[in-house]
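Below are two complexes that have subunit A in common, paired first with subunit B and then with subunit C.
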Partner chain A sequence: MQSLIDANGLCFSYAKEGANIDILHNLNFSLNQGDFVAIVGHNGSGKSTLAKLLNALFIPTAGTLVVDGVCVQDGQTAFEVRKNIGMVFQNPDNQIVATLVDEDVAFVLENLCVPSEDIAPIIDETLKMVGMYELKKSAVSKLSGGQKQRVAIAGILAMKPKCIIFDESTSMLDPIGRKEVLNIMKKLNCEHKTTVINITHYMEEVVFADRVIVMKDGNILKEDMPRNIFADRELLAKANLSVPQVTEFFNLLCDRCNLDSKTVLDIDECVSALSDLLGG
Partner chain B sequence: MIKDITLGQYSAGNSILHKIDPRTKIFTTVVYIFFLFFIDNFFCYAINFFVIFFLYSRCKISLKMMFNNIKPILPILIFTSIINLFTLRDGKIIFSFLFFSITDRSLLFIFMIFCRIVLLIFSSSLLTYTTLPIDLTYGIEKILKPLSKIKFPVDEISMMISIAIRFIPTLISETEKIILAQKSRGVDMESGNIIKKVKCMIPILIPLFISAFRRADELAIAMESRCYRVGQKRTRYKQLKFCYLDLIFLFGFGIVVSVLVLVNWFL
Partner chain C sequence: MPIIELKDVTYVYDGTDNLKSRAIKNVSISVEKGEYIGIIGHTGSGKSTLIQHLNCILKPTYGKVYIDGVDIWEDKKNLAKTRKKVGLVFQYPEYQLFEETVEKDIAFGPKNLGLSTQEIEKRVMKAAQMVEIDQDLLLKSPFEISGGEKRRAAIAGILAMEPEILVLDEPAAGLDPLGKEKILKIIDNFHKYEKRTVIHVTHSMEDIAKYADKILIMNDGEVVSYDSVDNTFKDVDMLQNMGLDIPQITKVLFKLRQKGFNIPSNIYTVEDAVNVVKNILIEKEKR
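What follows is the complex of A and B.
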């Protein structure tokens, strides 16, 4: 099977005041249709740059990036790439174009020249998918952060992308909004087989991914399942990353009591591991 | 301050003026204002006021709302009236004091100017009272559409206007935040004379501009990632359609205009 995204020796740099600043060095990875990938890394590790490359907002300076069979190399191919890959940004306020919810969802369809009479049903369908159908006619400025972010997601879902990149989309939301957005990610990945790339600082979100890419200073340090990543304490220290609270709690407990260390990822696992310990 | 720009002055209703196409409303308003400048007959003004008041009552817009729009320009209106009153010299002098004099013609003239401007404001605010800003933008876009043949960027301009409307509430709440932030840092905005108060605007405006530019940058990237390209062909979700009500309204408008023309020039 051909992979959806294929990066080979991907490099990106830009010139600033005469000097060439390298952001990404020689990245190699590939993603398949239906993957749920989390990209983590400290500030300035190149996560967002990578996301913008995947969406052809930046063009690679060296190496090849093939997205759904299209090689990203210039403005024309960029447009082809963006039809298949959507991107949800950090600040919900700065990515909504229209005043009303339904018109914002229509924006991408208008850009793709979908005939006017076909637009309305697609809007209804996508707004139902993110649970915003009841607020179809409300003004965007009246919505909460989480609702705005759901509208932004709907605005991308409307074009039925093969892959959606969430670039720290939950970082400006309250816990409720974060949960809503995360649930949509899971739903899209499960029900629609959409490839989800979640760039995040919240380790609790990373747990839901099938695969984690850890980045540091423009390099990929490791690419593995969340469980293995969170078990690798050396790597975590190197990339300056934390672990989810439950995992940390259990790690500390094991260290204190000199128990065999085990990586738990959520509360349920923690509870069963604890009851095993107490029972045994 | 503008509390809710998405609605603007819009006052929801169910009248014929709410239902008809924004293009019809824009067209008739422009034609009406054009005619207003040629009218110099008292009967005509009476008819005009009657028609305007009738339309306002049909749209269920209160007198208070109606006169709200006059308030801001009232000082200018009165000032120009006074200047006109003393400087126009033709006609019979009915009052004079030192070197000031008031003639009957000047009285008549300022009365007409007054009525004209008041009518102008009444009629144009009727448009904004019955049309959402976004519909208005779309109507203007449709009207200007033929200009795109001569490479006039109609789509881009309409996109700019609608983004501007979209961001006004965001920027207002941002301004409020900045004001609070600066106050908490000890910027005194209430006391002092007018020059001092104007100077106090600088620590508000500079952060506001910086954040607006940053927003613009992010929005541009978000729009690009959603397949927007300047100068590309786009379809439109919202369709404007003329209906039979537009015909009825145009017919009524035609009657009013022809009555005005008859009364003004043939009686």
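What follows is the complex of A and C.
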């Protein structure tokens, strides 16, 4: 099967005061349709630069990047690439252009020259998917952060992209808003086989991905399942990553009580491991 | 005498007073000198509006704000004094960096206080040290340092004014885990060693449980709870109904209790949880 995204020796650098500043060094990875991948790494590790390459906002300076058969190489192919790769940014206020919820989704469709009679049904469909249909006539300014972010997502969904990149899309939201957006990611991935790339600093979110790409200083340090990533303490230290609170707790408990180490990823796993310890 | 006292403060944001346009309603709270207060609440609950009342950015439509016993709106002269006492770190404060060098940026606040060159230099050095900004970084442009460094430089600019009260609006948002940990440590040190009052707005229940003495919960512009960490996290249902959450570890122990294990209910940090479980395991060994 042909992969959806293929990076081969992907590099990105920019010139500053005559010198070349390298941001990404020789990245190699591929993603298939339907993958759910988390990208983690310290501030400045190159995560967002990578996202911007995937969306043809930046053009690779060396190596190749192929998105659904189209090579990201110049402005000519950018439009094709962007049809398939949607981006949801950190701050929904920077992404939403209209004043009413449904108008914001319509903006995307008008730009794609969708016939006007088709626009209304697509708006309804996408707003239903993100649970904002009831508020379709509301003013965006009256919405909560989580609701705004869901409108931004609806705008992206209207394009029917094969892949959506969430670039720290939950970092400004309160706990419930964060859960809402995360649930949409899961639903899109599960029910619509949309490829999801979640760039995040919240390790509790990373747990839901099938795979994690760990970045440091413009390199990919490791690519693996969340369980293996969170079990690799040496890697975590090297990449300055933390773990979910329950994982941290259980690691510390094992260390202090000389128990065999075990990596628990979420609340239920932690409860069950503790029940075994305390009950057995 | 409390260092901060709000009496029946209501803020109407678009001039026409109706229930909808009240961003905060009848807020009455007092904060003692040296306390570390965490403020939580869903987006749009009035947290930011509330803290902007603490240093004269917003004037209450009704009610009074007292800082150190002084009604800050009683006399225009109080404005400068209040802003000197209350340092406010906005969300994403690094967007406010503007000077040629990090050093000049940190010095901007103290300079405006009319301090001597010597005193300014001393304060810049001390603030830089507190936020772990090295000498060579001080001479760089604020636009060529990393995201975490920018955030710390911006906070140093406020610390250099040596405020009695430090107010921060989500100071760790958007930072990587290490950067976040550093910021939290800086705030904690300022509270512990400089003995200053801290007001910290956040969405992270884990952080607030670890550092705050008391938690203030805002919901739809009103104070719904202002209590110790223990009492605040007791009412899980109330918190979740307001779009909030409790620390992961608290949930784990809560579920264990539901399963019939005899575990205390007031555990919010990893350290405490490990100790509690360890003791239970030791007891079990003995039997």
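Here are a few things to note about the model shown:
Operating definition for what follows: the second predicted complex is superposed on the first by the 278 of 280 C-alpha atoms of A that agree within 3 Å, B and C clash if a C-alpha of one lies under 4 Å from a C-alpha of the other, contacts with A are read in each partner's own complex, and residues count from 1 in each chain.
What we mean here is this: a residue touches a chain if its C-beta (ideal position, glycine included) is under 8 Å from a C-beta of that chain, and two chains touch if they have at least 3 such contacts.
Source: prediction; values computed, not measured.
Judged by the touch definition given at the top, the superposed model places A:L50 against neither subunit B nor subunit C. Applying the stated contact rule after C-alpha superposition, one finds that A:L24 touches neither subunit B nor subunit C. Once chain A of one complex is fitted onto chain A of the other, the partner contacts of A:L10 are absent, as it touches neither subunit B nor subunit C. Residue contacts after overlaying the shared chain place A:L265 against neither subunit B nor subunit C. In the superposition on chain A, contact of A:M215 is made with neither subunit B nor subunit C.
Of the two partner chains, subunit C is the only one touched by A:S275; subunit B is not. Of the two partner chains placed by the overlay, neither subunit B nor subunit C lies in contact with A:L135. Contact residues on subunit B toward subunit A in their complex (touch as defined above): 4, 6-7, 133-134, 162-163, 165-166, 169-170, 215, 218-219, 221-229, 232-239. Subunit A meets subunit B in the complex at residues 52, 55, 57, 79, 82-83, 86-87, 89, 91, 93-100, 102-103, 106-116, 119-120, 123, 139-141, 155-156, 159. Those residues of subunit C whose C-beta lies close enough to touch subunit A in the complex are 41-44, 146-148, 173-181, 203, 205-206, 243-245, 247-249, 251-252, 255-256, 259, 261, 270-271, 273-274, 277-278, 280-281, 284.
Residue ranges of subunit A in contact with subunit C, taken from their complex: 41-45, 90, 144-146, 168, 171-178, 201, 203-204, 240-242, 244-246, 248-249, 252-253, 256-257, 267, 270-271, 274-275, 277-279.
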